[in-house]
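In the two complexes that follow, chain A is the common piece, with chain B as its partner first and chain C second.
Up next, the complex of A and B:
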């Protein structure tokens, strides 16, 4: 049955090709090429054993076959990480564009589902605690659990952390563990240097696993700090999975609303470079401390 | 902490050329364009010309002496006409261009005017800078960035023609040739020669023409030498192999021709005759301004067309340079500015770029390079203020930025002791953190200006004005004198 179908297919292809060639829509050479492809009996099967690394051509490489104004395409590509100027194969994307899309999607998924590595936390010499969400699945399915600390975490923070500091820094995985590993090594020392040379008293930064932004309110209630700042992984996109945000709030309490938080976002190597962000955050924190307010209340004072 | 989100500043551009002197006053709007969740980014968002002066003949005492008194009178009356006083001018530039820049008292004039024309008015001169300002004022720079096409602007004035090649809005090449409409002077609307300049004498000699001061000439007698000059202007666009005449007339190294050129824009006093419908048919028409500008314009058009170049029309012709000077000379830069306001403005800060390749890893090696560069330039520490320019740290990591800060402090130890401000200009987006690292490593209060995201690759001197926007930015004027050194 399969074989018969295959034969039938060949016949159909052949008659279509001949018809096209007759109408002058296909060259003789083109017809021969397609026919020989259709006559091949062995299907092309990818070699699943191979673990060869795929290297993509650089993003800025010209993918359009015959651009009318190549300089214009290059200039536009420079302005955006979006997938423009990628050419097409008929009505579909080119193989390389499609592969790149799938790869970027995989990177984004990894950013969400993977944990910040133990090795990284040891290297940064940071205490690690966990939110009330016990696992990644629970964290993703039950947002409210990521907004408060586990009982064990609350206990160790109460025991180990310095109280009544001016600034408490939290590193929170949020929706991108990759953002933490990519940015914190350069951001944190810049921020610590800035705060210290301004004479601001800072508690030892620590890491919260499976945490969301609001978990900072819970921490602040325990350590009794003036400003709490969370460096948290942003929801990854297909442009980058390494973007980090900094959420800051002045003395949160039960009346706190979202508008009370100040945020600096888009921290990654293609956005605000992490070290530069550290210096800028120092300035923002100084403003918050002197205004004794954050978020919209801070902006209204300006 | 009150921080206004936009501010308007008044900028003046003064162009003293071989033939004409003019000024424009513009209002620049500067704004923080970044959204609240990003690092503030202050830039010029609007430029509006609020006053255009008359076009004056440059007042000269004799052929080599510009009349400074007459020029300051022109300024005075034009300010009055615009309803402004010198104190109301925030920034701007005086540019002495073309043949005039060669004249012996040009520097004295620049100094006199820089004081007269507002608190922070920058004096600049130099053929290449003029070319770039003209191309920005004519609209060539904008054309290249909007259409993504290479365009060359040639500002053809009384004494010189200044080329600037623009690619994606940036000047990438420039040159200057001693061809202009005023190189031979005539009785107005007449045919008697009253003056022949040196470059015109060279052109006459090479083309085998014999014209003398006091002689009367016909159009057919005059045409060959003008054609030869026009051909020289076009030759520079076409080929690096130049005729004898072109070689003699070039005042700077020629265009490097790194980009293929098809589109050409002409600005300057001669431009209106390049774009004219009809050619001048009598000597009376040619010498309407006491020179041969109208004929040069026509011959230039003919020469460009026969060489296959496409002529594009500029937005501004005769005022291109002055508008470019007034509106385009100022950059704004923010980042770390720890400075007593009285230190500013700083004029003619020499730019030193010590790092030719990648910046080394350790502070000691960085310091060594800086010290060697200072020795190489034979800079005396008692001299003026210098700015250290660089592309970026070795990598954007905090440790490399911190090492760079330590290396800079170490290498500039002797310089800082003199209580001079430390001025750093860096292309990469890390000015704030670099400034912070310098402060943290210095152990004492230093005056520091750390400016980022400004390219000073081709720049020799910068001027830094008084801070704007609540101290967040300073106006910076880059003085690009040459491209190829």
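Up next, the complex of A and C:
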């Protein structure tokens, strides 16, 4: 209904009611009620095809009403990723600050508690196995279970994976499935290509669900590779839930300690971009292979 | 010592006091992980029943970790007032709970018997206490301390302003500090966790904060939460240190892993007295948390709550200015859910206070726990009602350096206004002078960091 029609309708209703009131057929209360019904806009029908949506204002936007020095607040916001210059409603955060915080936490929680999707694994054409942790709850509360393969996984790897390769690549969900889905599509091809063009023999990469860093030692003991590298989701912060780490170790055994691993962390689009990380990791693996050592032992040889 | 109990038609027998102590705990994932938690709800109650009937003397005679083997046990036993202990040693743990809650028992009475209680006795009684029990007990206990200003005055609630920055940028840190001060946060301490644990970084941050305090005449204390040995080197090089910080734990083995010992802390305390920049007499700032011994594999089969009490037993000899509990920071393998962390916070607040410590709480959480902002806010209000001396203050509740969530500057101001609590007196005067606070409430101009950019 157009605006003109709407106005016309109001005029008609009003004159009818005035007529009724003159004849004593309408109480004041009834008149008020009917008038407010007439004033109501046309019922809003949601347009499901619309591209319009509700989003957060830019993070750098200054949210303080009447600041002493608005430019100073804007400059401060550039100096730190901390949530400052965000204003307040009484003593509480403004609605958008509250909702942004909830959104960031929700994204972080989903990264931890949701699994890497089946669709993603199919698209990457990767074998998928599981650690000894049967569920996310168990994975989070019993760290030792995530550090070894389930019996079924150990059996599949023994049957299907190529043995005695130089490098075995593992994709491990760790504490962020989002980090896997966000980075692996660019990182893995870059890494595979880098290693192959350097003439390094690489086993087929596969995925381990509910895995921790140490699970790579268990895999290495089965496939007997020189270097095992895990691309594993980091614990999400509120800033990003997509950060990935690469842990590499040369021939782990029962005497292996944490310091024997070489770690490259902060791989994500806001840190080391995934494609770039592929080239960088190729170089690191070449160093590990030629030094026959990783971690602190590798650094000592440099 | 009776270690057997009947709960209706079921009989439960325990092998040791250590087993009773762990099984009497409320559910926490760390005790499950170590394999020492009660196997059923009935067994948990049976353990509480056995514990309620034990005397303080039974506990004294059965330390969970032997005196000869552990420096923390030695600190607890050597620091005990034997005369007071003799007077109360025949009390059962169940009686001690009722004594604590009795209307006739004052906070002063509790601080008196505190000197005759070992950490294990304090842990034992807290295991028999429900949420409201813990709040009632904690509320009675008020412990004051003095560094440059006085913390813990009745009717006050203070905050550590925690302006951390992911690359230790001095300018970035100052931006967060200004925002915090503009919300009235920072009277307990301005305390920064550095990324780089070296003398140069630590000294730079200490100097910057101290100069800011002098320029704006802010009555508070400064601290940079590096390893204690780094801070000691900074003091030796002339850096202004009001408070010396260190994380500590409840076993000798865990403290070894932290690179700390009684000898190092003695030296640090002596150095702070000789070359520190504060008035004192309280010059130390400790942080503790249930589960640190589990994550370091240094728990020796003792439950997390008892180890936390032992940590307080170790701390009290140093007369700290503040002891802050961060149980929610350790991780889901020790404390899994919002429910578990709220319980731990209340236990720790009570146990710390009954040790005579000036306690504060960080009702915090990490992103891999099943906890959220609602849990944190409930924990904060409960601990504030229980008379926590202080909380943290983090911009927007999001620590961008340590990647966890803690009480925000907004939460700090809210908690004060909800409960009618005031900043520490000197700091309140300063806030009024700055036009940030009026009659205990934020003014129109509060929350604006640019008031420091004239």
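Here is the rule we use: the second predicted complex is superposed on the first by the 220 of 302 C-alpha atoms of A that agree within 3 Å, B and C clash if a C-alpha of one lies under 4 Å from a C-alpha of the other, contacts with A are read in each partner's own complex, and residues count from 1 in each chain.
Rule of thumb we're sticking to: a residue touches a chain if its C-beta (ideal position, glycine included) is under 8 Å from a C-beta of that chain, and two chains touch if they have at least 3 such contacts.
A quick note: this is a predicted structure, and the numbers were derived from the prediction, not measured.
S.K.: Who wins on chain A residues touched, chain B or chain C?
M.R.: C
S.K.: Quick one: is A:292 in contact with chain B, with chain C, with both, or with neither? Answer first, second, both or neither.
M.R.: neither
S.K.: Who does A:123 touch here: chain B (first), chain C (second), both, or neither?
M.R.: Neither partner.
S.K.: A:265 in the overlay: touching chain B, chain C, both, or neither? Say first, second, both or neither.
M.R.: first
S.K.: Tell me which partner A:72 touches in the superposition: chain B (first), chain C (second), both or neither.
M.R.: The answer is both, since A:72 touches chain B and chain C.
S.K.: Once the shared chain is lined up, is A:239 touching chain B (first), chain C (second), both, or neither of them?
M.R.: Only chain C is touched by A:239; chain B is not.
S.K.: Pick one for A:160: touches chain B only (first), chain C only (second), both, or neither.
M.R.: After superposition on chain A, A:160 lies in contact with neither partner.
S.K.: With the two complexes superposed on chain A, say which partner A:193 touches: chain B (first), chain C (second), both, or neither.
M.R.: In the superposition, A:193 contacts chain B only.
S.K.: Residue by residue on chain A, keep only those touching chain B in one complex and chain C in the other, then list them.
M.R.: 69, 72
S.K.: In their complex, what parts of chain B are in touch with chain A?
M.R.: Checking each residue of chain B against chain A gives 1-3, 36-39, 145, 147-150, 167-168, 336, 396-399, 401-402, 428-433, 435-437, 439-440.
S.K.: In their complex, what parts of chain A are in touch with chain B?
M.R.: 69, 71-72, 75, 185-187, 189-190, 193-194, 197, 245, 263-266, 269, 272-280, 282-283, 287, 290-291, 299, 301-302
S.K.: Across the complex, what residues on chain A touch chain C?
M.R.: Interface residues on the chain A side: 64, 66-70, 72-73, 76-77, 79-88, 90-93, 97, 101-102, 104-105, 108-109, 111-112, 140-143, 175, 235-239, 241.
S.K.: Considering the complex alone, what residue numbers of chain C touch chain A?
M.R.: Against chain A, chain C makes touches at 29, 32-33, 163-166, 169, 171-176, 178-179, 183, 332-333, 336, 366-368, 372-373, 395-398, 400, 403, 405, 408, 410, 413-414, 417, 442, 444-451, 453.
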